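Just so it is clear, A, B, C, D and E label the chains in written order, and each chain counts residues from 1 on its own.
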Amino acid sequence: MSEADTLVRLDGVTVTFDVGRDGFWGRHPKQLRAVDDVSFTIGRGETLGLVGESGSGKSTIGRALLRRTPVASGTITFDGQDITHVRGEPLRRLRRHMQLVFQDPYASLNPRMTVAELVSEPLRVHGMADSVEGARPVVSALLERCGLPADAADRYPHAFSGGQRQRVGIARALALEPAFIVADEPVSALDVSIRAQVVNLLQDLQRERNLTYLFIAHDLSVVRHISHRIAILYCGKLVELGPTADIYDRTKHPYTTALLSSVPIPDPPLQRSRTRIVLAGEVPNPVDPPPGCRFQTRCPMAEARCREQAPPLEEKAPGHWAACWLS
Amino acid sequence: MSYQHPDQYSAGRAEAEHAEETEEARSGRPFEIEAATHGGPFRELVRDKLGMTALVVLVVLVLAAILAPWLAPSDPNKIGPRIRMRPPVWHGGTWSHPLGTDWQGYDVLSRLLYGARTSLFIGTVVVLVAGTAGVLYGLYAGYRGGRADRWLMGWVDVQVSFPGLLLAMLLIALVGGSVLSVTAILAVNGWMVFARLTRGVVLAAKERPYVEAAEIVGCTPRRVVFTHILPNLITPLATLSVLEFARIILAEAALSYLGLGIQYPGVSWGLDVARAQDHELFGNQWLILYPGILLSITVLSANLLSSWMRVALDPQEREKRFAGRAIRGGAAAEPGT
Amino acid sequence: MGRYLLKRLPQGMVVIFGVTVFVFIVTRVVGDPVKFMLPLSATAEQRAAQRHVMGLDRPILAQFWSFLGDVIHLDFGTSTYVRGKAALSVVFDYLPRTLQLVAAGMVLAVVLSIPLGLLASRKPGGALDRALTSLSLVGLSMPQFFLGSVLVIAFTVKLQWFQTGVGPLHRHLVLPAVCLALPAVGRLAMLVRSSMIDELNSQYVKVLKAKGMPARRILAVHALRNAGIPYVTLLGWEIIRALAGFTVVVESVFAWPGIGFMAKQAIAQQDFYLIQAIVFVVAVMVVVLNILIDVSYKLLDPRVTLR
Amino acid sequence: MTDADAPLLQVKHLFVKFFTRRGTVHAVRDVSFDIARGETLGLVGESGSGKSVTAQALMGLIDLPGRITGGDVRWHGQSLLEGDGSLLRRVRGQEIAMVFQDPMTSLNPLFTVGTQIGEVLRRHRKMTRAAARTRVIELLDLVGLSNPGQRVDQYPHELSGGMRQRVLIAMALACEPQLLIADEPTTALDVTIQAQILELIADLQQRLGLAVLMITHDLGVVAGLCDRVAVMYSGKIVELATADDLFHRPAHPYSAGLLRSTPRLDVVIPRLVSIEGSPPDLVSPPVGCAFAERCHLATEECRESMPGLHFQDDGRKVACWRPFEAEGPAPVTAGEGGR
Amino acid sequence: HAAAPATTPGTTASAAASGAAITVALGSEPTSLDPHTVDDGGERAINDNIYETLLTRDADGKLQPGLATALPTQVDPTTWRFTLRDGVTFHDGTTFTADAVVATVNRMIRLIQEKKTDNDGFYSTLASAKKVDDLTVDIVTTKPDGVLPARAYWLKIVAPGSETKDDLSDAPNGTGPYTFTSRETGVNIVLTANPTYWGGAPSISKVTYEFVSEAGTRLAGLKSGKYDLITNLAPNNVKEAPAYQAKQAQEHPILILNADGGITADPNVRKALNLAVDKQALIDGVYSGFATIDEGQLLSPSIVGYNDTIKAYPYDPEQAKQLIKAAGAEGKTITLVGESSGRWLNDKDLLETIAGYWQEIGLTVDLQTPEFGKYLDVLFDRNQRADAIFVSSSNDLLDPDRQLSTYYQAGGIGSSNSNKDLAALIDQGRQELNADARAKVYQDAVKMAYDQAYFVWLVSNQDVYGTSTRLVFTPRVDSKLLVKDMSVKA
């Protein structure tokens, strides 16, 4: 991918959180490396799927990208501009170009505002409309595009179903015509029958507006469906990154393999006959990660080297990166 | 659901305010059609007889306090050397002193009315002053977060640990007891709860996805605080204010009772209980009972009102109440299979 | 734990120091004990001389430094009201009776509030619940001094079952303890009720039922213990409230000579050495109680780490 | 006096209602099914369709504002709902056990997991404290917790979600029940942990001859585990079939839609098919078929009268006026495609 | 009509029970039991039974021998000679001799010099004491002091050796009829009869004093039989007590008017303020009859200098109104300052009533009742005299000097006039040793103040005691509670 086509770039991004202290007198601050030295790029019009177990740092990466969480080290570049330390007014202006779609369609809409107020708010705070009324035409167009009924504008969010609310959330994110959208598990809270509606909408919008997505999910089936490339995260570390097809068909990391085999397939004969790799144990605590490769405690193939030294993320095949000594 | 009807627009808004809690409580299950026709908080109040009574009592008291100069048969401090201990009307007294007079010839009704004035005035002003101060403090601490928050709330912890009543007594003894000094001292003593509550709500609200959404959309911090966070405060603040109002009234009365609060020519129920207790513990105890009972009723009403508010403004509580009623009311007796 | 203490102890010190300095400032700047010490007919010169003897004519800062020096040695000066006695020892003369009163009141509050709360929570919204809830509300809405007056009128003046002042505890301690306890009973019982209702509606109780646990065990072992955590906090607060102020009212109404009673006298007499000592002792108790509440939290709830 | 011929569990015309301010929620409407010994029945359906309520009704766990307003639940032929409830009390935790959706709040935070598992044994098996402890350690080992000797004395908050779910399963299995009701036991968990738990349940089922009622909205979970599947939609069972039949050839348009809208890991389709609209409000469920509004096959008849749950030729039961007319799952085109 | 029954039925002579124990409820706890350092009612009530003085007074206030066998004789204008009683011993066994008197006087002088006593006002003229022989002692004053016999009635004699001690509170040791037994701070003090008392062992063998600040609590205790004697029974509650005793006391509530400034600078206004108050109504209303009119002077009839030609200003609101109008003071505001802690019997009621009366004659009254401390600030403020300050003056020594020099004499703490003639008269009275001449001087002074209406004289309330039906007790004019004079009916 050429530099010009790159919209978002992360270079060695590490995010840490202070989580309490250790010792009787608490002299040792405990740090949680939620994201550890993660690098990747996203091209214009591309969807990068970000997959990992709960607590692996997916949302944290999204938040770091949106400059919601301070980065301990590394740089974030957006549209050729280093935004790692942008704050205040410039950050506010930057918001026009990058938006977020939330996981929870119930909690992410202020219940005290009508849909029109909600969707027009970005326009108003950026001076692109002077009032709710002034923004009406734009709002109506957005709502229609997102498949909401015409009378939706004057209703409150709680009068909508989950899928409809998620559409409101998407309309709101689109109001500023951003180039980049972080979609943090946008369909996890939705029912299967509704999930497809939203996924389709996101895909259609991407095509129409040449949007770039960071699509965060833990449902590999959906990710496969929507992503051009996929990044797999394990305990704050990027373990594999590559084109969707490669990830599924030419897996380079044992964790990805296990993950794929854990996803049940709704086809009884097939599912019964599949060989599943059931991992033992639990995801390690990121406050106190194991030495060496973080996956070694559960990896069925772990060797001595894995326990001593963390494998670097290497390009194992063109465009296909993995962090494993064994591939 | 529709909000077309203009009258129901505001009701819908009130409903909307609480919708989020409901849903959170139900682990994100849609709670779609909360019809405005099922009534908002006020519908609930009408159902809640105690809450309604409390509200009526408070309204009557407030009116009586405001209108005291016109309602009172005489100046509460007008001495009546020749009309001491007149009985109330129903014991052969006259209408010029409906509740009779005390040993000083003071008109009992007038003193009660003016006492209400003092109590309600101090209660209201202290809640307003302490509430405003506390809310601003809490907003600042909560929204700034970090070190500022730790220091500011550290101070709140410290001041909360002060023996407030004792220090209030001391201060009043030193500066003298008047409506002004009592109000000021109680306000200085009473803002911390508001600060704590506000900060708590702000911290919680800051974590709400919709607040984050507002920030991501590019709202200024000001707008985030005032448009998105502050409305969350309305319900808990309203409830707390009424509770604090009750507590302040009690505190004023206690101080005045101890002789370290309102003093002549001020009129206060607490002071009158003390006066009457000094004077009539063995004789006409009704002089002790009148102001005491009125004080209790006022505080009780405020407490009832706040507990009603808690229920009425909290959809979950409302739901619980409804369920109890419905089951008792035999709603369950519907045909089954 | 250590870090917790590291945080709480200095904070407690700040409280104690802050209160002490506050009292110093308001009393020395505004007050003058000499006025009270000498008879009304004493002349201005006599008063000035007395002030000089007591060092009250020195610059306020000088007074403050020597005051601090004394406070560090727990020397709050000599009471001017209780002549010739160290202020702190006067407080310790009166403190046991306050502790007696608070202990009796709180034991009563606990003994009454738990069964009342449990009874009310059995059928939320039922007749018994409504009756008990209303009763609790009335209890906590009645001003303590008025409640006290009513108790005195009923049981001392009319029935003459109990007496005010000090004397044999069964005749003298009952009323003030009841008076101190009742509002607390109201608040505590309401808390027991609401937390029991919450606990009984919680998911783990559903699981317990599904496990086939008998209702009695669910109530008495599981729910009650969970409800105990907020209860202990509120009880701690009640004790603090009592110590930090409400005993003044109750002790005054019932002429029970504890530190609250003494505080009222000391304030009326502007005996600021004594006030200083009382406020100091109260502040220490409040700080200690606050720490105890936190520690009991830790004991009751394994999830809590004190930090 | 158990009826030897009767199925293990029979649910007959169960109705459950919730009395809320906005109206009566008809959460479960005329639900009937059986579970045979050792059988696994899957109960699927979208959120709010009444799966959990059904499960809880079986155990007599419906609390205010809910009420079972009709129907019966029979255990070995005997009614669990009628009578003085002594049968229910005996059966709960001993013969029927339940694992809940949310492992995070299902344990009392103040007691060690050992105590909480042990109390089941002490109650139903009258074990001594020491005996119970030994057995608890065995159970924890059985559900695959590492270091069970140490885990017994830990508090719930010291365990991760997956571990807690195992603890809950251990608790359910403590008295070797005949039926395990698992209400979305893996929804809150990660896929790799979900795989562990499902493996565990399958394994235990084989070893202990358990019957399982597996509630989930994940069709994949059902596919791997269940003999038969009941599909619920707005409080009703709309289709009850063997797993193979259902997945191969869904009879009800909702079942079909559900299958078609579920993206599959092994199949790439250019565009997902979705069911437009959302389920009806259960306060005022439609007179006709609840799915009619979202069903592209719906006719006047569908909207006006409710189809009953009827046997089809192949032995399954479907509640639809036009069964088998909907398109089945998208054709499987293995390998890559789309993106 | 104000005179209350002196005794209640049933208290007349029936046989006294010997060895009885009684309990007395006092309004305030002694802050110290040192007989010299403090000056408070609680201390006196107890120490009057433990210690004795050279002279005493009878129940009506006449000076009587005490530890001295007779009234003192004057050796020279500044030296008074006392002959002492023989065979008296202190509780610790020490014999009472002239040494004790010398020790007492020296201790007091030292305490005054070292500012360790509140009683300096009483004894500022003491110069020394000289032992003449074991039973004769001379007390020397710094200047001629007509008040010395009265002072000798006040000064409690302590044992030799006490003069070097700063605090005698912990081990009271007197010659009196009762010995100190125990004390529980905040609760009680117990005294037991001294079997070897020179005046004969008292009939009540044990007295327990309890301290109850609330009048209602005292009364409740009396009613329940817990107490035999309570002080300061509220006049309106006398009917509640099983029995009660009232006695005209030495308490004189007055209003000090500022003669040097403000609207009260006009003598006619001051007169009007006097005329406006219905004293009889005060007696009936505020004191339920237990008070007498103060006849325009601070002195009780039993005191030297009482001028029986002066009669209280009558209640004449009409004349008062005219005077106010004439003075152009109509509608003007007059500040009246009292205090709020209820230090003096029914003081707040009294003030509120007076404010009412003054309002009726066309003034606006700004009645202020601050905390006692604030009140004292007003009282002590020499530069800014308030228009009217309420004070209640108690005459402990039963001698006019202290009252008049404090309240009448210009420059006195409680005076608001600058009348030099009046001041001169009072100075003259203090040094006059001839009793008749002294009385005359004071009578003139009192008259002068009356004519100028420097005060509003009100009413003088009575001490009202509640007693059990079994206690035989006669209150004294000096308010002392001498248990040896009480008895319990069998």
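Operating definition for what follows: a residue touches a chain if its C-beta (ideal position, glycine included) is under 8 Å from a C-beta of that chain, and two chains touch if they have at least 3 such contacts.
Since this is a predicted model, take the numbers as computed values, not measurements.
Undergrad: Go through B-E and A-D and name the pair with more C-beta contacts between its chains.
TA: Pair with more contacting C-beta pairs, B-E versus A-D: A-D.
Undergrad: Among the chains here, which has the CA centroid at the largest distance from subunit A's centroid?
TA: So the chain farthest away from subunit A turns out to be E.
Undergrad: Of all chains present, which has the mean Cα position farthest from that of subunit D?
TA: Greatest centre separation from subunit D goes to chain E.
Undergrad: For subunit D versus subunit E, what separation do you get between their C-alpha means, in angstrom?
TA: Comparing mean C-alpha positions, subunit E is 92 Å from subunit D.
Undergrad: List the centre-to-centre spacing of subunit B and subunit D in whole Å, with centres computed as mean CA coordinates.
TA: Distance between chain centres, rounded to whole Å: 48 Å.
Undergrad: What whole-Å value do you get for the distance between subunit B and subunit C if each is reduced to the mean of its CA atoms?
TA: 24
Undergrad: Measuring from the mean C-alpha position of subunit C to the mean C-alpha position of subunit E, what distance in angstrom results?
TA: 39
Undergrad: So which stretches of subunit A touch two or more other chains?
TA: Correct list: 161-162.
Undergrad: Could you check subunit C for residues that touch two or more other chains and list them?
TA: Within subunit C, residues 31, 152, 157, 252, 268, 270 contact more than one other chain.
Undergrad: Can you list the subunit B residues in contact with two or more other chains?
TA: Touching at least two other chains: 30, 32-34, 173-174, 259-260, 277, 281-282, 320, 324.
Undergrad: In their complex, what parts of subunit D are in touch with subunit A?
TA: Result: residues 46-47, 146, 160-163, 190-196, 198-199, 217-224, 243-244, 247, 257-259, 261-266, 268-269, 271-276, 278, 332, 335-336, 338-339 of subunit D touch subunit A.
Undergrad: Show which residues of subunit C lie in contact with subunit D when the two form their complex.
TA: 201-204, 206-214, 217, 222, 225-226, 300-303
Undergrad: Which residues of subunit B touch subunit C once you look at their complex with the stated criterion?
TA: Touching subunit C from subunit B are residues 50, 154, 157-158, 161-167, 169-171, 173-175, 246, 250, 253-254, 257-260, 270, 273-274, 277, 281-282, 285, 288-289, 292-293, 295-296, 299-300, 302-304, 307, 320-321, 324-325, 328.
Undergrad: Touching subunit B in the complex: which residues of subunit E?
TA: Counting only subunit E, the residues touching subunit B are 214-216, 219-220, 234, 236-237, 240, 278, 281, 285, 340-342, 348-349, 351-353, 355-357, 359, 367, 369-371, 373-374.
Undergrad: Okay, in this complex, where on subunit D does subunit C touch?
TA: Answer in residue numbers: 56, 59, 61, 63, 89-94, 97-98, 100, 102, 105-111, 119-120, 123-124, 155, 157, 168, 171.
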